[in-house]
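What follows is a pair of complexes built around chain A, which joins chain B in one and chain C in the other.
So, the complex of A and B:
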């Protein structure tokens, strides 16, 4: 089956199952609005939805880029400094598991109504899977190859570039599948906590106005964006790892 | 490697591009109508009149004897928040056996941030939902994905909403005598919840302060006020002032919205219309028990506070803290007098709904609802 087909299947199956549920169970719109009602919101509010989606996407991608820089830096540090991973791990795990609502007020007080708190949430959510996969990937480098490079007086950088990094690439790309799509959710959660714009804010607004149709419309948009991001990662993976398939 | 580099560069470019994306203004579901307030109010009264979804017909008068009943009924009541002293009348009705005397076996279900008892009520998960504010019910009824529900009583007949501030010219250990005006908030920052910003903007505008001159920050802890990160905060006069007092700040000062043209009521008992139609006697029995409890709270505050502090498992409180709440909310419960306990004012709900329409918070249905 070609790559986009399963996604198309989802796009067809979800509305079909949804409509079927409406016909069979006749739920109140407060719980499950009909697909046509949600489609109406998607159409009539398309301009606002697009604007808010761009805001969310901007925060997600920017936060994700920062998370990548930090994770790559940390992974390099752990690779070159023996024992660094053992020392850093508890700190990173503790940091990763801080419940956001507990620090939300502190972040707003310190950083105000700015991009900062949202980026911090995205970085906290996405940093760890990238780092964990990179660490794992770097460790899978062929020790014989590394020994051979050492006997040839290769520098640390050369060992990293020729042996460790190529071994880590598949792991790094696999991390993107989880972390990049997760960055969208992280941005939405951050907006839910802090923002006045973005899909997360729309969710809060729709909830408080009891607009289940708008809530579902935002959910659909978020799902489609996550699928596109996932597709983008798959595309990059196929391009970067084409030597592996060959 | 070059491919990966290209991918990362594309990622960075996409980040830049998206970050530069046209940011929409803080969302409002619909553009504010060009109609005047009077025209908007007329539209509300024609297409979404509160008289359709709020009734006082089932509230018993003072001194009414316990209602007769032929069978006991189990009632699930969704509370407006975590079990704290906001729900005092319902604990009292349990403890003093007012519910039992009315033939009701009541289960009080805790509320909280993720609980939407209007939707649960519509779906049949509870028989009665106690909702924070009448404005929420208006939103629900106006929503195309709402349901047919009816307000049968309000416990706080006037809104407890206020803009809370600290009077830094008064020592912390003294009460402030300052009276806040809307103009005092010009150039200041007010902490708000998403749901309260339009309320603050509407009230300030009503009182001659253009809301554009006020900054709003989405944050909800009194620490921000103490740390002077904000100058005021949207609050309930019965809640946050107590937190400030507990932190040693007696010098708080409030701008109560009820005194500045914003009409709402809080702790609103809501039922489904079909439930009201099919079991009106159960609603009458519930309201009889609730009225006894509210009267007990007003007449015997010390005993009521002791009961409440035992039941408030969601937020441990001392009887003294509960008493302070009773003191702060007494006028809000009484409204215009004891005879009107629990009574909602449909005209006031309409007037507030007109402000909500103008703020773009609700859209009126095309046909009368």
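So, the complex of A and C:
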């Protein structure tokens, strides 16, 4: 089965099951709005939805980029400095296990409704899976290849570039599958706590107004964005790792 | 060219891998290190390659410490498992050596692969090549910068007997064309006999040189079934049995 086909199946099966549930159980639209009603919201509020989606996406992408810079920096540091990983590990584990909604609340109180808290939440959520995968990938570098490079008197940086980094790439790409989509969820949760714009803000607004149709519309938009991001990572993976299929 | 003088290597656990090793390899000479597992052949090669340091004694390659010889690109090493980057084609893998060490007179990677009979496979990735082809690319990687010394650690050890025989003949041709000094670590008596000028027989516990023998020119030929080869192999095999610890062969 080609890769897009299962996704197409999801796109068809979810609305079909949804409509079927409405026909069978006839719930009130306030509990489960029919697909047509949600489609109506998607159409009439398209420009607002697009604007808020772009805000969330912007925060997610920016936060994710920062997380990547930190994770790559940390991985490089651990690779080059012996024992660094052992020293950093407790700090990273502590950081990873702090409940991020709590951190987000504190950040909102301290920093207010600015970009900062949202970016920090996205970084907190996505940094660890990227770093963990990178560290694992760098360790899979072939020791025989490293020996070959050492006999050529390669520098530590050359060993990283020519042997360790190519070994880490599949792990780095696998991290994106989890972390990039996670960045969108993190941005939404951060907006949820305190924001005037973004999909998280729309969710809070729709729930306080008991607008189930809009909640469904926002959920759909968020899911589609996450799936598109996932697809984008898949495309990058196929392009970068095309040698595996040669 | 290569001088190993009173070299010992003791590992942190206390294991003595090499004990008082003395060996000299002349320029252009092909020397094989032969012996049972654990006799220190690979350890000695790692010392020559600058990948490890001796606990005592002196190792010199071309009058230099091995690490300095590596810095000058004087050493090429091919291991039993091909040291190839899986995401690079055969050609790119050979180029990798030149990306790190540039020496005047280096071979052109594409030309070297052509000489190695791999012209049509330059753009293949390692996983698309057979074991024998991967090993030829591996040796091309070790040779492309034209090092004075080639160190081979059981390069054909993982290959089947027929491929091994054919690649041994091929390697003899390559070395006679390039004129390098070669140290080969091998378990194969046939390989050692048909390739080497001299064979260093080593024995384990601790790793020491048991004896060094000259190989008659008549035995350095491609046909492993030739009488001169068979006689030399038989003679050497008998001596090898003498250095295998009791019970180790069972």
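Basically, the second predicted complex is superposed on the first by the 239 of 246 C-alpha atoms of A that agree within 3 Å, B and C clash if a C-alpha of one lies under 4 Å from a C-alpha of the other, contacts with A are read in each partner's own complex, and residues count from 1 in each chain.
What we mean here is this: contacts are C-beta pairs under 8 Å (C-beta built on N, C-alpha and C of every residue); 3 or more make two chains touch, one makes a residue touch a chain.
Only a predicted model underlies this, so the values are computations on that prediction, with no experimental measurement involved.
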Exercise. Taking the superposition as given, does A:149 touch the first partner, chain B, the second, chain C, both, or neither?
Worked result: second
Exercise. Now for A:158: first (chain B), second (chain C), both, or neither, which partner does it touch?
Worked result: second
Exercise. In the superposed arrangement, does A:169 touch chain B (first), chain C (second), both or neither?
Worked result: both
For this session: Count the residues of chain A touched by chain B and by chain C, then name the partner with the higher count.
Result: B
For this session: Considering only touches as defined above, state whether A:223 meets chain B (first), chain C (second), both or neither.
Result: neither
For this session: Name the contact category of A:48: first (chain B only), second (chain C only), both, or neither.
Result: first
Problem set entry | Touching partner for A:109 - first (chain B), second (chain C), both, neither | first
Exercise. Residues on chain A in contact with chain B in one complex and with chain C in the other?
Worked result: 166, 169
Problem set entry | chain B to chain A touching residues, read off their complex | 1, 3-4, 7-8, 11-12, 14-15, 18-27, 29, 116, 118-119, 122-123, 136, 139-140, 143-147, 194-195, 217-221, 223-224, 227, 229, 361-362
Seminar exercise, completed: Given the complex, residues on chain A that touch chain B span 27-31, 33, 37, 48, 51-52, 54-55, 57-62, 64-65, 68, 104-105, 108-109, 112-113, 115, 161, 165-166, 169, 194-197, 201-202, 204-205, 207-214, 236, 239-240
Seminar exercise, completed: Listed in rising order, chain A residues that touch chain C in their complex are 142, 144-145, 147-154, 158, 162-163, 166, 169, 241, 243, 246
For this session: Could you pull out which chain C residues touch chain A in their complex?
Result: 49-51, 67, 70-71, 73, 75-77, 79, 81-88, 96-97, 99-101, 124-125, 128, 141-142, 145, 151
